[in-house]
Amino acid sequence: MTIGQFSMMVVCLGLLFLAIRKNFEPLLLVPIGFGGILANIPGANLALPAVEAAMYSGDAGVLAQLSQALGLSGFESMESLKVAFENAPAAAAERAAQVASDAGFSNGMLYNFYNVAIASGVAPLVIFMGVGAMTDFGPLLANPRTLFLGAAAQFGIFATVLGAVGMSAMGIMDFSIADAAAIGIIGGADGPTAIYVSSLLAPDLLGAIAVAAYSYMALVPLIQPPIMRALTTEQERRIEMVQLRHVSKSEKIVFPLVLLILVALFLPDAAPLLGMFCFGNLMRECGVVSRLSDTAQNALINITTIFLGLSVGSKLAADKFLDPKTLGILALGIVAFAIGTAAGVLMAKLLNMVSKNKVNPLIGSAGVSAVPMAARVSNKLGLEANPHNFLLMHAMGPNVAGVIGSAVAAGVMITMVRAMGG
Amino acid sequence: MQQGLDITLFGMGIVFTFLLLLVICTTIMSRVMTRFFPEAEAAAVRSSAPAASSAAGNARLRKIIEEAVKQHRNRRK
Amino acid sequence: MTIGQFSMMVVCLGLLFLAIRKNFEPLLLVPIGFGGILANIPGANLALPAVEAAMYSGDAGVLAQLSQALGLSGFESMESLKVAFENAPAAAAERAAQVASDAGFSNGMLYNFYNVAIASGVAPLVIFMGVGAMTDFGPLLANPRTLFLGAAAQFGIFATVLGAVGMSAMGIMDFSIADAAAIGIIGGADGPTAIYVSSLLAPDLLGAIAVAAYSYMALVPLIQPPIMRALTTEQERRIEMVQLRHVSKSEKIVFPLVLLILVALFLPDAAPLLGMFCFGNLMRECGVVSRLSDTAQNALINITTIFLGLSVGSKLAADKFLDPKTLGILALGIVAFAIGTAAGVLMAKLLNMVSKNKVNPLIGSAGVSAVPMAARVSNKLGLEANPHNFLLMHAMGPNVAGVIGSAVAAGVMITMVRAMGG
Amino acid sequence: MQQGLDITLFGMGIVFTFLLLLVICTTIMSRVMTRFFPEAEAAAVRSSAPAASSAAGNARLRKIIEEAVKQHRNRRK
Amino acid sequence: MTIGQFSMMVVCLGLLFLAIRKNFEPLLLVPIGFGGILANIPGANLALPAVEAAMYSGDAGVLAQLSQALGLSGFESMESLKVAFENAPAAAAERAAQVASDAGFSNGMLYNFYNVAIASGVAPLVIFMGVGAMTDFGPLLANPRTLFLGAAAQFGIFATVLGAVGMSAMGIMDFSIADAAAIGIIGGADGPTAIYVSSLLAPDLLGAIAVAAYSYMALVPLIQPPIMRALTTEQERRIEMVQLRHVSKSEKIVFPLVLLILVALFLPDAAPLLGMFCFGNLMRECGVVSRLSDTAQNALINITTIFLGLSVGSKLAADKFLDPKTLGILALGIVAFAIGTAAGVLMAKLLNMVSKNKVNPLIGSAGVSAVPMAARVSNKLGLEANPHNFLLMHAMGPNVAGVIGSAVAAGVMITMVRAMGG
Amino acid sequence: MQQGLDITLFGMGIVFTFLLLLVICTTIMSRVMTRFFPEAEAAAVRSSAPAASSAAGNARLRKIIEEAVKQHRNRRK
């Protein structure tokens, strides 16, 4: 066992401790932490593809064949072979896989899980469908202005991208523009979106990004309140909001279709994420497919969560996770949360300047998503300032708006990074 | 660095524009729906289009259990 | 957005409207309609394989490489490249996929769903297993003669095949014999069977065939009654049938095995469909694996239905669906339903001529399957003619017989079309 | 066209023949089962082979709920 | 239909009879038996890969192409072609698959199920996770000594390996060392472990091994009592054990992690099996992911069981199952059970010699696992000897210890057989 | 044959050694846990970390049904 593997096991046990004893997003962090331990078992190669397992076997004949399959003139060093495999075109990668298979090696269990669940993109999308089926857009429909709060809170995402690019420009870190985009999405406070984006743009950073995203979501009750208090006056926190109007069933049915059509017209790169989200929500609201909606909210999302978590855990293997970049990601992630929170609160104050129906700025912070934790934080601070001030339902509007906002931001970033050749 | 600025500016711009559009469309949609398909009709439609048998079963189950709870609570009083 | 994509979005919104407001087979038509919208989002390429996405990117270098991979001398036109890809042997198709992958393209989400769920055949088979686990063969076993009604109603299938071939012979349409067979199966009024057969024989028509099959199944209460009234006298409709005898548990357990063995002996090409159907039914009746049977009837069939529906929706992409053939399919489909209904009713009248235990001819129409809608229609018309005439249980016999009959017809057609080199 | 006719004729023929066979086999099977394995025995076998615990739980749940419903209805009267 | 296929159908109907009427492990034997019938339907090729289906079609052109793809100079005989395909390197196998695909052949349904569920290793692992989520380690933690009983009962496994190797040495059978190891694991009395090991070491024997393992597990109430009575005195059977101490929640949470870490340090080849087992158990005990634990114990394990069973059934095809080796496997399997039972009982008596807290030797037999049947047998015999002697909870300790023991033995055997070049 | 003997001897040896280790570690772990994290605290932690809402729902459902059963049984008496 290397010192790296040992450290990662300790880190993963720490994640399990936080998940189980401190209730840190346990549905994800228990499988992620456990998967991380499995990924670091020396000799078990659970997180490796067959080709890498063959490399580590050290058999000279196999190494020579692999080098040839990957277009090298011969085996020089493990390092050069690994680089060749990472950059191999698809045909060479398949030849190498055939060599490994003939030599009796097979893909590790977690590597297979990762490929099926995450590399294909299916697991985050299915979870997003389930989240859609669990989401009630009623509070948002009753007060559509709260969508602006969800938009503002995405500033955390983009500020972090800028931060990551800045760190690279200053030579502190070495993040590509794709890395920066993937890191920024932590600020979306939305696990499946973060995993989906990093699986596309920066698969090597996926472990650190997912861990940061879920950990900081669990820390929302600690991160947000000081920022919220600093940016609001006691007076503002006391604002009571008018009761939400009743939203009809038909509005709820039509809303996911309206959102889908806007996505189709203006943001095709967000179509997988928002499409599945709207599909889940339509199944929920339409009232005629409740057995599908129930399954999407239960058996299907649970099964997917188990394999998604273990797959993310496979990216906690020491050689990928123990990297200065991880520290950078953790640092940038918390900044992203903080900026998003602040932007949401400030946007709420801005709305109050231009509108006569006053908004309590405490609900602005809920725009980062982290459903429903952030909305509960808004409610708690509201009650502190005014015991008759129940903000929970009002905060659910920006809260679900934040989910839409992050998915929109994800689509924008995927499009732009690709256009930049990232 | 330039790329980072581009992403930030364009990105925030698109997010705001898109959500602004969504606010507008949602508001229009809500007005249209409340004017042309008021709740009463929606309710009528729902009852004329009964959910699939399983769904109905679920609903019934829920109702029964709610009844059981009510009975139980009444007894406790 | 092309005009075609726009039209298909309108069509899909129409399907959703029918499913949600008019309760047209919502369990399938909600996912199909939604998948259809997703498939028509311009630029998102959700329903395309990586190779086609690479083609549409228009990058000259990629097009040249694709042309080479597919064995063309060079890139001439998009059309010729598409044709080359469609007809490519497996090795060339894989080379093209490797080119697309190296150029950074990946399969669309819906394309992946289609491949995993439908092209592999697994989703229709799993749904058939679930249907088997939901089917009670008691009424059929109490009155096995009703199997003849289920057989007769399959005439709708074969008459439609003849119709499709005839239309081609007359030059109105251009259906191959495989197309004709796949279209005919709409007359089986059985969704999974229709999807399974068209995935094998005419994948390009799958979208239209599935939409036709499910729509007409929803329209059974409108399509069937006039035909049934026209072919029966008031006197016949009043016939009361003797009460069904009690069927023992052992008979119900042994029946799926008897059916399976007959299939094994005489109809191996129907083995996947009827095998899974019998397996589901055996799990239901044997009484010792209820947890498996419950899962087959709930979580498993629901999960499969979600992905099957979205996958079918992927075939509603404008370039495939908007074709004169679709109109032909819709026209032939309703004729198939009508002929099947008529054949079932007439067969019931024929049975009455040769047997002393009279059969109410209204239950003949239930032989088209469309479980349990067709049986309910029989019951309703029976009650109209005679308020003491409860035909529901009697109609369930031909109803489930129709499921077996369609699967048998499917097996026959697959065998014959393959023998004809289709 | 000839192919279409072939499929129609052979197809209907095979469907009818197969279902005829099924009618015959089913009838024979039913007679055999009712004569040699009458219901009483079948019932005995079932009770000697209790369903998996989960199934039993389900059945119990259903029964309990049915009871709850009955109680509820009785009360309403 | 060949005589072999007919015999296998009769055998499979027999399995179904035992499962349904005699309640022999019905959750597995119903799907296995049914899958076996499907696999033997002549002409349906449900259990065959596309290449073999193409071979049996007998088309001369296809046979020539296949021969070429597999590196033969030309088509000589079916037998030589089959051998070439079985031993083909990965690249040649893929070329052959492409030939078959171009000729219009596709993999059989059951072959696909087998590949996805078993060859990938996922189904046994998922079932093990579910079993972990159903297992209460409380009795084991209250009395950790019972782990020795679970260890001793694994002697059945290794004695059987020796027996299989001995039979080969004597020329009665022809088992390789890998075959012998896979057969031995029947003695572990643990279905998923046996399937996992044989899928890795002896896929051709998987059908017979799985059938033997599940059948003998069902026969535990017949096999064990005579051995237990023979090896214990009436006096010993009357021993009452002290009541188990209460085990705290924290101990139950930490135990799977302790086990996992020991596996990570000393037995990496057992990591997939024991890792998933510990993961399931941690989900159960940690108390914060009950929705995942519920799904692992219900929907997920049921779905997996259905496909695992059908996949195992695919290995009951006549040409693989009807082999003298099958008889050898059945004979060795029952010997393994008997030896394991005896070793467990004797170990309990040994423990009594060195310890003052007496153990009733009847619980030793529960060390073979076969949860919870073996523990019930211990309880029944205990009650016969002493009506106040409730051994059930005491026997659950060795019972679950046997699960761990078999998984450890599996890891050891996989490591050693691979080191021997098996 | 030699291979078979090797597997048997080494195999049983490793199984016993591993489970011996497990016995030792488990015993130590149990002592540590009962000394440093006695049940009371564990219980407190659990209640401070309420299960996911769905789990809570399940528990509630179970409780309600148990109540229904109790009522039913009481009535029968």
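Lettered A, B, C, D, E and F in written order, each chain numbered from 1.
Everything that follows uses one rule, which is that contacts are C-beta pairs under 8 Å (C-beta built on N, C-alpha and C of every residue); 3 or more make two chains touch, one makes a residue touch a chain.
Quick caveat: nothing in here was measured; it's all calculated off a predicted structure.
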C-E or C-D - the one linked by more C-beta pairs in contact: C-D
Chain located farthest away, centre of subunit B as origin (C-alpha): E
Farthest-lying chain, centroid of Cα atoms versus that of subunit F: C
Classification of the subunit A:subunit E interface as same or different, half of numbers criterion: different
Centroid spacing, where centroids are CA-atom means, of subunit A and subunit B in whole angstrom: 24
Mean-CA-position distance for subunit F and subunit C (Å): 48
Distance between chain centroids, defined by C-alpha means - subunit A, subunit C (Å): 39
Multi-chain contact residues (two or more partners), subunit B: 49, 52, 54, 65, 68, 71
For subunit C, residues that touch 2 or more chains besides their own: 20, 23, 26-27, 287-289, 291, 294, 298-299
For the subunit E and subunit F complex, residues of the former touching the latter: 140-141, 144-145, 147-148, 150-151, 154-155, 157-159, 161-162, 164-166, 169, 177, 180-181, 246-251, 254-255, 258-259, 262, 266-267, 287-291, 294, 401, 404-405, 408-409, 412-413, 416-417, 420
Subunit A partner contacts - residues on subunit C that touch it in the complex: 1, 9, 13, 16, 19-20, 23, 26-27, 30-31, 34, 37-38, 40-44, 46, 95, 97-99, 101-102, 104, 109, 112, 298-299, 302-303, 305-306, 310
Touching residues (chain side subunit F, partner subunit E) in the complex: 1, 3-8, 10-12, 14-16, 18-23, 25-27, 29-30, 33-34, 37-39, 42-43, 46, 49, 51-52, 54-55, 58
Residue ranges of subunit C in contact with subunit E within the complex: 89-91, 94, 120-122, 125, 129, 253, 257, 260-261, 263-265, 268-269, 271-272, 275, 278-279, 282-283, 286-289, 291-292, 294-296, 299-300, 418
